[in-house]
Amino acid sequence: MNAAAMSEVMLDFERRRRTGLDEAIFAMGKSVAQLDVILARSEERRVSLLITRLSAEQHAQLAPRWAAKLDYCSVSRTAIFGVVAPAVADNRIAIVAAGSSDAAVAREAQRTLTYQGIAPEVIVDVGVAGLWRLMQRIEELRRFSVVIAVAGMDAALPTVLAGLVPGVIIAVPTSVGYGVAAGGHTALNALLASCGQGITVVNIDNGFGAACAALRVVRAQACASDSL
Amino acid sequence: MNAAAMSEVMLDFERRRRTGLDEAIFAMGKSVAQLDVILARSEERRVSLLITRLSAEQHAQLAPRWAAKLDYCSVSRTAIFGVVAPAVADNRIAIVAAGSSDAAVAREAQRTLTYQGIAPEVIVDVGVAGLWRLMQRIEELRRFSVVIAVAGMDAALPTVLAGLVPGVIIAVPTSVGYGVAAGGHTALNALLASCGQGITVVNIDNGFGAACAALRVVRAQACASDSL
Amino acid sequence: MNAAAMSEVMLDFERRRRTGLDEAIFAMGKSVAQLDVILARSEERRVSLLITRLSAEQHAQLAPRWAAKLDYCSVSRTAIFGVVAPAVADNRIAIVAAGSSDAAVAREAQRTLTYQGIAPEVIVDVGVAGLWRLMQRIEELRRFSVVIAVAGMDAALPTVLAGLVPGVIIAVPTSVGYGVAAGGHTALNALLASCGQGITVVNIDNGFGAACAALRVVRAQACASDSL
Amino acid sequence: MNAAAMSEVMLDFERRRRTGLDEAIFAMGKSVAQLDVILARSEERRVSLLITRLSAEQHAQLAPRWAAKLDYCSVSRTAIFGVVAPAVADNRIAIVAAGSSDAAVAREAQRTLTYQGIAPEVIVDVGVAGLWRLMQRIEELRRFSVVIAVAGMDAALPTVLAGLVPGVIIAVPTSVGYGVAAGGHTALNALLASCGQGITVVNIDNGFGAACAALRVVRAQACASDSL
Amino acid sequence: MNAAAMSEVMLDFERRRRTGLDEAIFAMGKSVAQLDVILARSEERRVSLLITRLSAEQHAQLAPRWAAKLDYCSVSRTAIFGVVAPAVADNRIAIVAAGSSDAAVAREAQRTLTYQGIAPEVIVDVGVAGLWRLMQRIEELRRFSVVIAVAGMDAALPTVLAGLVPGVIIAVPTSVGYGVAAGGHTALNALLASCGQGITVVNIDNGFGAACAALRVVRAQACASDSL
Amino acid sequence: MNAAAMSEVMLDFERRRRTGLDEAIFAMGKSVAQLDVILARSEERRVSLLITRLSAEQHAQLAPRWAAKLDYCSVSRTAIFGVVAPAVADNRIAIVAAGSSDAAVAREAQRTLTYQGIAPEVIVDVGVAGLWRLMQRIEELRRFSVVIAVAGMDAALPTVLAGLVPGVIIAVPTSVGYGVAAGGHTALNALLASCGQGITVVNIDNGFGAACAALRVVRAQACASDSL
Amino acid sequence: MNAAAMSEVMLDFERRRRTGLDEAIFAMGKSVAQLDVILARSEERRVSLLITRLSAEQHAQLAPRWAAKLDYCSVSRTAIFGVVAPAVADNRIAIVAAGSSDAAVAREAQRTLTYQGIAPEVIVDVGVAGLWRLMQRIEELRRFSVVIAVAGMDAALPTVLAGLVPGVIIAVPTSVGYGVAAGGHTALNALLASCGQGITVVNIDNGFGAACAALRVVRAQACASDSL
Amino acid sequence: MNAAAMSEVMLDFERRRRTGLDEAIFAMGKSVAQLDVILARSEERRVSLLITRLSAEQHAQLAPRWAAKLDYCSVSRTAIFGVVAPAVADNRIAIVAAGSSDAAVAREAQRTLTYQGIAPEVIVDVGVAGLWRLMQRIEELRRFSVVIAVAGMDAALPTVLAGLVPGVIIAVPTSVGYGVAAGGHTALNALLASCGQGITVVNIDNGFGAACAALRVVRAQACASDSL
């Protein structure tokens, strides 16, 4: 392995003990040599890894021995390394995306949850320009503890949701759009300024962060239930 | 009258002939001496005037002889000078405001229309955080040629409206709010980026401009009907 | 068809009934698999479709069976799927573009209107730096119910127009330019801040939205005329 | 009561049934006449109310009969109208503020929770410039289901927290500071860009929203426990 | 005089020799003690001074002995100290302002030129929303060497001018307006992005700077003529 | 020629008569078909043309018959079409660029002037980080009527120049740099905020506009001299 | 003392041991009750305190017993509480301010250094628009280890300095100015983008921070010297 | 050599004498012809050169005779031309980077220091999300005169460091990240707004500038020591 890269990587294997969440690898800006060190150390320790923002270019440049062991999804640019237990469906977490164009971000959230053992319900293309699409799913959505709501452009979906369901709402603005929408800043600001009560927000396109926040919620629930 | 001020004012009395709309006086930044010249020239010509953005301070500093002839509304900061014909109600223009805090901007639009002879329907506090409030008025709203939709913060109301009514939608973002909402730029951008089809937008807090645009629509209608 | 993509698409075929406008497909950010599902569902229902922001790359990747049925325009990045009735010219809608560089956005508006059966008048390269070019067309422009005004950089054209014609003015800022003009935000803000009375504005480069707004105007007219 | 104001207020008394949260009154931008209508309707229905962003000026202008019935806190600009049950302390929600200057925002969150029956733990002045202050409370903080973390300037506190505690983290940026910090946008962006996993964020100075989000979490917990 | 203030002031009396322009005093942010030192040193040297951005508050706080010797204009917030030669009118510099609200900035430019001996032609309220007002002065304007064009909001006036007159155009954006216009940044950017050829721009509300630039032009002319 | 393109081009051959400057063709965003129409019309009229922002890609796609008649400079992306008289050197206009990286913008200004018959003095790489480089040329620079000062990053050069030379200063910010400098907005704002008296500014990288402004100055001079 | 305030203040008396710098109290946003607790705890511990951003209003509201013990400077809004040793002049730190308007920020830096025992050299009004003023002090400035350079508007002074002196340069942008300069962001960005080598920057108007950074330099020097 | 390029390059070989730092070549935006001139002049004078921001494309296009004499590092895009003395390790300067993705910027700082004869300690991947990684190196870091702290996203690392170590802290924000982090502006602003005392900041990704500032510190130390 590359010596400089070895000195540039220090993994935090104790994070789950402290926070309940494994460290994940944010691949953007990392060199192939650094990724190589990271994968080798994980293999050595026999731990699984979730890698986010791994571009198709980076994925293609990894050594062949790693490629075979990575479950890579090019839509969400996520990879799972090592063996993980199968996820279980339940009514704790739903992911709702306003448009088909938001599906990639929804997929990042879904893959992060699946990696941690939870199979979320996923509902796509229910933006409020055709309100009936959301309304026919609303009773179902009222049963979830957490709704991750993914929306770009003006991001009106989470506001409408917040007035109709009691669960925790974690909104993810997306960078879909052009003109004033491009980059997702308008969606982000609209969500922060929303008149919907108790909406929480994460960074633009941050499906991973939304999933981590949802995990914090359901694990806090589990603890609370345990202590009954 | 103040000589400098006299040389600084040149009114456009022919605008109605060209565009169907009277010139209105934008008072922000004008001195009392300039306003004095403007009122005197209107009186001389025996024409009525709509004045917008006339602050309470400016209004209080005007010469007493003008104050008596001005119908001033401190909520919308508009004044009407001279005699205008009574407005007539019809189902052409509705003004819909998302929250009580948006009422001042809705009032500016309403006063502009009334000055031009049209009494609009006004519906306030029907934001989408409590969606039932809008839904119980929606059939009524489907009958109007133009809906002026006033909303601050994330401005989700016009997007929902655009998916439900066929009329022209003129959205007015308002500066209501704090943090990322303050100043109305988030509301403005959300409206421009809206996934609602065919929404048009005017400047922040510009109830006057929305009313003028609505007048252009109903006058174009009248012309079209005349030519049948 | 791709199963994931099938679950990510939910079309709103009833939009015309509610709003008078068909749903259009915004292709930016959609995968080829998603577009495939959309076209198949439209074919199945025997409805025509307007697709916007379809890049040349996306168009080239579509299955051959679709390419033959799409009328694609690479300048405006729009495609029309299925059979549509021929458009009729009349004096209701004009499109005016300030410079040759704004022609692509004007074309998107034009194609959207044509798809809906209206052939607009189109006038290009009449920016105010050479004012005579606009002035020689102004009497003609005074006859239209709606003028869609397309302009980039400082977007002074719609302001001058608004002082000269009585019709509805829907301004489209374009992203033409460099330095402070790049991206179209300066054109957008200049239009919103315009001293021209009753100008309405849509998102940067949004020829489609301007056309939809124009359609709302002429349909409201038709209704008003019908009820005479 | 003022007739115009009466037509400008439409309360959403059913929100709790739908979302588990009462509607709260956002006083910023509301007239005294509008607030008067709101209080009268609540009294009539015999429901309590939480009012936020009620400035000292607005409070002073309310009719005397209301002032006596309002529990007003000038630091957080919140008022409680009517009788509410005493709050109960438990280990579900903690509020942590980085500096003394952030105390007003923390207080808004605290008052919102107290109004809903939960007395949170409040810890102030534990910013990371003197890291020992936070570290001596960290074991205690690891026991809470939700930590509301309030911080201005560079807002580094929630990032450090996120690496040390397993609970849900709801970060509130504050507008404390000057230069690039003024207005809270830097704190907001730093929180959204944080490398701390699973941090959720609300609008600048939005202690109320953070409390509502925390209530969604603990109520989702309660439901989950009930269904055991 | 205040000792600290004395050490904080170092006047540049040789600037005219180097650049043809006297140093002017920018009063914003200066203490009364500092202004006192500045006036005393000028008096001592028997030189006149132009002071800009001198607020009414600062002016009122100056020692009485200075007030009597200052020609103060509260509209433009400029003061002239000492004796200056009377200005001469000629056809070298014109100042054109789009609206009455822009008159204060035009006045700052006018006073700066007058202080330097040139009486400019001043034309106010000829914005392009009523194009005929500008057109009836255009032949006259074609005769000036320099046109200082003052405009706020969308600042379309200088663009139209640039297509019609051959002289040097120095555009001054103003902070008149609200919403996206507030502060003058939209006017500034529209001027920089203008399709009018050869427009030059100065800072928002900087009538003083525009006048200095105009002086550079006419002095360069004088030199060129001298060398014939 | 392409019919659509023909309807999208309307040249302003009378601009020189009105303003003293020929229309130039801004190629950015224009199609090859549009450029083809433009060149054909110029050839037909036997007039020369200056084309700016003509990318290497556009240039390569032009029909071979045009390529032979174009004098193309890839550094400044300008092309000259047709025959122009040789330029004459004199001491009216100098171009000063702060760094070697600013040379492309300086070249655009230089080519524009040459096209109009004036050969400017060009001085490059005299940024103020090594002040002696500027100081050894300063006496020479004091003799020019106009100095076009090109600078990126913090653009300190024109400020220093403005304190040392009497000529007209037209500053051109450049987009050279990274981080906060990228795009040239910092250079632009620094120039507008400069404490140097009477600096005028044009858009980022707008060497063409600076040259046009300089031409307005020297032509105003010529007129003034003529009228002696 | 106020109980709530007592729980909101936790001082970091050990900071000097860790970092060499005492904690200072940032008064902006703190209540009088909180300041009261802070002063009482310092008195109890018999330590001195530096308070920054203490507005005249806050100072006036403090209990009389504190006012007598505070050395307050209204220009820099700083207060010193308790007894501090007299400062010693040496050639380690100089403060250079571009204009008289920047003197308040320079004073904050000066007072912070004096509190820590170092009397800096202070040179004001040597901006580069009159370059000779700086040049006549440059040999002197070359002898200092650290130069704190305070400048607003375009902040060109530190760039010029960086090319002429070898010492550490800590630049402080100030919020002096209007238009694009207002708020100090242009000065800040110009400093960050400066072509001057090795300039470091602190927040806008942050004289305190610059002084702390300078103290870190001279203390690191002292350590280095001790270890010889 | 290219004549135009020769006239566009003027090197500042005397900079070290004035400031202690050699001029370095900023390659971004320079043509290959200009770089050729620069290298030839250095060779002629027999001086070494540091080149920054030299892209792989530029490097590949240099004439073969130069390539052989350049020590090029593609990670940091720096090249060293000519012979330089070997660097010496000591405890004066440490470079600390928060994440592996920040390593390229750290490398630019490291190479700049090495070129000047100082081998810094480099510590990578010690971000505060896993605080223990930093804490186990903190005693070591307390011994350095200068710590260059490199961090992207929310850039919390330098704030924590500033509370724990006494040395000079030069923070370098990096452009690592997406959404609100993209471009590094959030990291930059968080550093400027940091509550850590005495942090200084340089431009985004400016490892070179941080190294130059560090050199100014250690050379000022050396001078101070010499004068003992």
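Going in written order, the chains are labelled A, B, C, D, E, F, G and H, and every chain counts its residues from 1.
Here is the rule we go by: a residue touches a chain if its C-beta (ideal position, glycine included) is under 8 Å from a C-beta of that chain, and two chains touch if they have at least 3 such contacts.
The shown structure was predicted, so the numbers you read here are calculated from the model rather than taken from an experiment.
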Shared chain contacts [chain F and chain G, defined touch]: E, H
Pair joined by the larger number of C-beta contacts - D-G, E-F: E-F
Euclidean distance of C-alpha centroids - chain F vs chain H, Å: 35
Inter-centroid spacing, chain F versus chain B (mean Cα positions, whole Å): 44
Rounded Å distance, chain B centre to chain G centre (Cα mean): 50
Junction residues of chain A - those touching two or more other chains: 15, 23, 26, 99, 129-130, 162-164, 177, 179-181, 185, 188, 192-193, 195, 197, 203-204
Interchain contacts (touch definition) - all pairs: A-B, A-C, A-D, A-H, B-C, B-D, B-E, C-E, C-F, D-G, D-H, E-F, E-G, F-G, F-H, G-H
Footprint of chain D on chain G - complex, ascending: 4, 7-10, 12, 14-15, 23, 26, 28-31, 34, 53, 175, 184-185, 188, 203-206
List of chain G residues in touch with chain F within their complex: 98-99, 127-131, 153-156, 159-160, 162-164, 177, 179-181, 185-187, 189-197
For the chain A and chain D complex, residues of the former touching the latter: 15, 18-21, 23-24, 26, 92, 145-146, 162-170, 188, 192-193, 195, 197-204, 209, 212-213, 215-217, 219-221, 223-225, 228
Parts of chain G lying in touch with chain E, wherever the complex brings them together: 75, 97, 99-104, 122, 124-126, 129-130, 132-133, 152, 176-182
